[in-house]
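Everything on this sheet refers to the single structure shown next.
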């Protein structure tokens, strides 16, 4: 695995709207970010995705200027902004807890940034109205934040950040404080807003569904590093490491360890297994004693135990999801998940699992993707 | 925050505390190793331990010290016994009356020591309200002496410092999760066991904070024992005043002060150790 | 106490004489200057304002500020500030004054000054003598048929009803010395003095203010207490049931209030003018008439009724008990401990 | 069951009443005494009169003493509130080695005996020649009241959400404007509470002022105390004290209504 994202090759320094390079930050000697590079194009919606503690929020705060980096540079619209104090950066930030000023009305909250820019009153009022209209909250302008629901507060925070016409909009876990129903609708609203305003947005989230559904590109982070920065499709289909494969997708990819015997045959656990010719072609050039296959449900199909190239397996549980079912099976002591449409009959007892699509192959120890097709 | 601005922000406070408050103590610590010249009120600045030897060997001062601590402990206990039900009631039962109950209980903190002691004198003196009432009721012929008596001083100390106990207690007890009590009750715990097993242990941070405040205030207090004790009840505070302002033996008064501070300092360290232990055992946040 | 004829006219003359002696100094203008005087609050403060401060401010343009409190506070202050005093004049008591002089915190009285000479001879010990008083006995009239002697305080039926002043202080030292004398010794025999005084135990009250003592004595809660004459006599006017006794065996203990000029004080000239006025006839007459404090100024002449109530002549002073104050001061600290332990403790 | 509950409540309230009586009785007695027509207080009182209130309003001496107390109280509050707020802000917004020590240091005046401190201070003031000055008295009171300010402000800042400041910053507010528009408006109940506490502490302080106060700046409690220790209390002061305490309690109730200050101390 390289320290840098997938997109390192062919990166054009001047073309990126937001360009972060060599960004490093440590708290009391513990590194939170280890030399991160990241480019965001103008008008793009990028999600920083990773588990808590991976450094994504630190990166966001560094961009906003709320933290000072130990090393690295930030360029925004061809201007180096690393030395600028946060209040001169023109970067809007929507906080996870919304951070609405409790002593100001909704309208005053939204107008705050404009007042700080000493904007004439009339113009500011228009902008406030526009921003509130954008989030459909015109009717609540005179309310105090404490009188609003969580979803309304979130939209006020959004309006407040947008009202200053930021050069960049940062969203810190924007949906995490909302209930499940609201979350889905806000997801769509944010997408629409992005489309309407054309803002460049960087969003931090730990929820891969949010990232996959909303972002143009996703930067998957772990342990202070960007593992992969790519479109949701690429991230899903071509994960750069087993971490990415396991972090993205519902359900996530299962890792199946495949050992290569001394005689060249393959084994899963104690079971000798002969992969399909297509898969064998992928595995053959890889000179490893053992590898891991990143198997998503759609890589697999349920067959009879004696079907050719099938892995003998036992069904453990079946999850009913309405339109489809997830079948959890055990093969060679490892768990796999297969997706079946709701009307497909489930075979009981001893079954076989067929790998119907070539899965990504990962190094067992480093977790890095192996033998990628050029 | 940048180190420099942190330091800048702390400077005025540290100046006031350091230069105005602590430097006199440094001066006193030094003075405590000096003596007064014979037949003079002037100080002889030559190092000697004679003041400390006097404190350590004179039964009178040891007794006063013991007595001061004893009064402090009794004050703490009485304040706890009176303060716990008040704090509990205000925290759980009082809704509308909360404000007024709190304000009335902290009145001594805002009305000033002299006025209160004055009131207590009028209340407790030989011709005061209590003796007057007892006489009117025909219960006594000659007045009972409260002033210059331990009981009078104790009443004064409790009166002055009960708020210092109630406030931290109230702080902690208001934060106790009600679910926990309901849970305990639903498990069949009677009221007294609820107190012993749930309320008191969880209120421990407030109890400790309040006890420390009350204890310190009472052992270092001066106006209350001075006026209510009428010279008969000696505490470290009154003896220090006597030695400094009346006898004018500042080196000795300083040595008394240093002794007291060392003792109190030791107590603080001991309490801190206990509190850390408690903190490790329970996760309920401390009050003060 | 009867000291010849007095008349309003004479008093007026005395006042006029007193002020003419100030004429040369008055020429000076002290506007904007401030004189700081440490003194007791209450009636003394009021009389000083009326008779000394008011006229002084008018004549000199200076501003006089009073620092009110007990002598202990003042001693603490002038000793602590001796390198850099803020007080110009401190009123001290009889035993503090010589000590303060010995320690160099006050200016020695100047025998060449007129105000020194006006004061009865031998009284300017340490500082200038301001007023005379005597430690006598305040008592409840129901308890005594005639004004009590010291010995009467030790009557068995009064045990537990004799109040005492706080120690250290001139009253407390005084009653201790009297106890010593009653025991056949004097203040130099500490054991005898303390043992005798301890016989009065338990002590129902250590009085710290006069009202408290007079009220309780009036009500009969306290039978009697040793107290300094001046205040007590003036305070008695409010109470029917109280008498004051000047005992004869031994005589009352002499006490004096002293007016001290603080060494190196900021405004010595003003302080001198203040002292002249305070020690002058007008003020001392007022002290005598209103507070029953005996004048030290030999020019003061009092009405017989007033004169009878106070100590105002050298002959009278002769009958008083004088104590060995330097010796008492020397033992102040040790005796404080003994007082705490042997007199106050139950 | 209901009856038992009511019985428990009655006992409970009676028990609480003991605490309240102990705390409030002396103050109530001062009120009573202020209407006495005698020159000294005794019980039962001999009669009712308002003469001491009349005397109180006519006395310029007490007016002076009260205005000195007011002046010293206000100045000391300004000093200790400023110093305390800044220090509390620094302590609540940063971590550094020795922080606990500095916090303890700032709270030290709560625990150390004031009477002895005053005597040391008197000598240091004499040496600096600020004895008896307004500056000296104000600094002394500020040092005494600082721990209240620090404590109350520490808890106020701990309740202030730091992301609000970050939010204001990202919206373009300079540090100064963040303080003016966000921090100050949100902490003012805490500031008012600690101002109230520091002021009252200073206004009522005796032990230290008795030794430190100069002639020009003789505070009201010092006057009261000296009277109590010499000739006796002038009933005029009882009337004044009764009025002061009444005012203070009214203020405290208003403060509780609008600031909830009892929850901040």
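Chains: A, B, C and D, in written order; residue numbering restarts at 1 for each.
Note that a residue touches a chain if its C-beta (ideal position, glycine included) is under 8 Å from a C-beta of that chain, and two chains touch if they have at least 3 such contacts.
Not measured: the values here are computed from a predicted model.
Novice: Hopping along touching chains only, can you work out the least number of steps from subunit A to subunit C?
Specialist: 2
Novice: Where's the contact count highest, between which chains?
Specialist: B-D
Novice: Chain with the smallest distance from its CA centroid to the overall CA centroid?
Specialist: D
Novice: Taking each chain's centre as the mean of its Cα atoms, which chain lies farthest from subunit C?
Specialist: When every chain centre is compared against subunit C, the largest gap points to A.
Novice: Can you check how far apart subunit A and subunit D are, centre to centre, with Cα atoms defining each centre and the answer in Å?
Specialist: 56
Novice: Determine the centre-to-centre distance between subunit B and subunit D, using the mean Cα coordinates as centres, and give it in whole Å.
Specialist: Distance between chain centres, rounded to whole Å: 17 Å.
Novice: Can you give the whole-Å distance between the Cα centres of subunit B and subunit C?
Specialist: 38
Novice: Measure off the straight-line distance from the CA centroid of subunit A to the CA centroid of subunit B, and report it in whole Å.
Specialist: A distance of 58 Å separates the two centres.
Novice: Mind pulling the residue numbers of subunit B that touch at least two other chains?
Specialist: As it turns out, subunit B has residues touching two or more other chains at 127, 227, 244-245.
Novice: Which subunit D residues sit where two or more other chains touch them?
Specialist: 42, 119, 123, 211, 228, 233
Novice: Hunt down the residues of subunit C that sit against at least two other chains at once, touch-wise.
Specialist: Counting only residues that touch two or more other chains, subunit C contributes 73, 76, 208, 212, 215, 219.
Novice: Which of the chains touch, listed as pairs?
Specialist: Touching chain pairs, listed by label, are A-D, B-C, B-D, C-D.
Novice: Given the complex with subunit A, which residues does subunit D contribute to the contact?
Specialist: 161, 163-164, 166-175, 177-178, 181-182, 185-186
Novice: Show me the residue ranges of subunit A that touch subunit D in the complex, using the header's touch definition.
Specialist: So the residues of subunit A in touch with subunit D come to 61, 64-66, 85-93, 95, 97, 99-103, 112-113, 116-117, 157, 160-161, 164.
Novice: Mind listing the subunit B positions that touch subunit D in their complex?
Specialist: Residues 1, 3, 5-7, 9-10, 12-18, 20-25, 27-28, 31, 82-83, 85-86, 89, 99-100, 102-120, 122-123, 127-129, 131-133, 136, 155, 158-159, 162-163, 167, 170-171, 174, 191, 213, 216, 220, 222-223, 227, 236-237, 240-241, 244-245, 250, 253-254, 256-257, 260-261, 264, 268, 288 of subunit B touch subunit D in their complex.
Novice: How about subunit D: which of its residues touch subunit B in the complex?
Specialist: Residues 8, 12-13, 15-16, 18-20, 22-30, 32-33, 41-44, 79-80, 82-84, 86-87, 89-91, 93-94, 96, 102, 105-106, 108-121, 123-124, 139-140, 142-144, 146, 150-151, 197, 200, 203-204, 206-207, 211, 221, 224-225, 228, 233, 238, 241, 244-245, 248-249, 252-253, 256-257, 262-263, 265 of subunit D touch subunit B in their complex.
Novice: Subunit C touches which residues of subunit B in the complex?
Specialist: Listed in rising order, the residues are 36, 38-42, 58, 60, 121, 125-127, 142-143, 145, 147-148, 227, 230-232, 234, 239, 242-249, 252.
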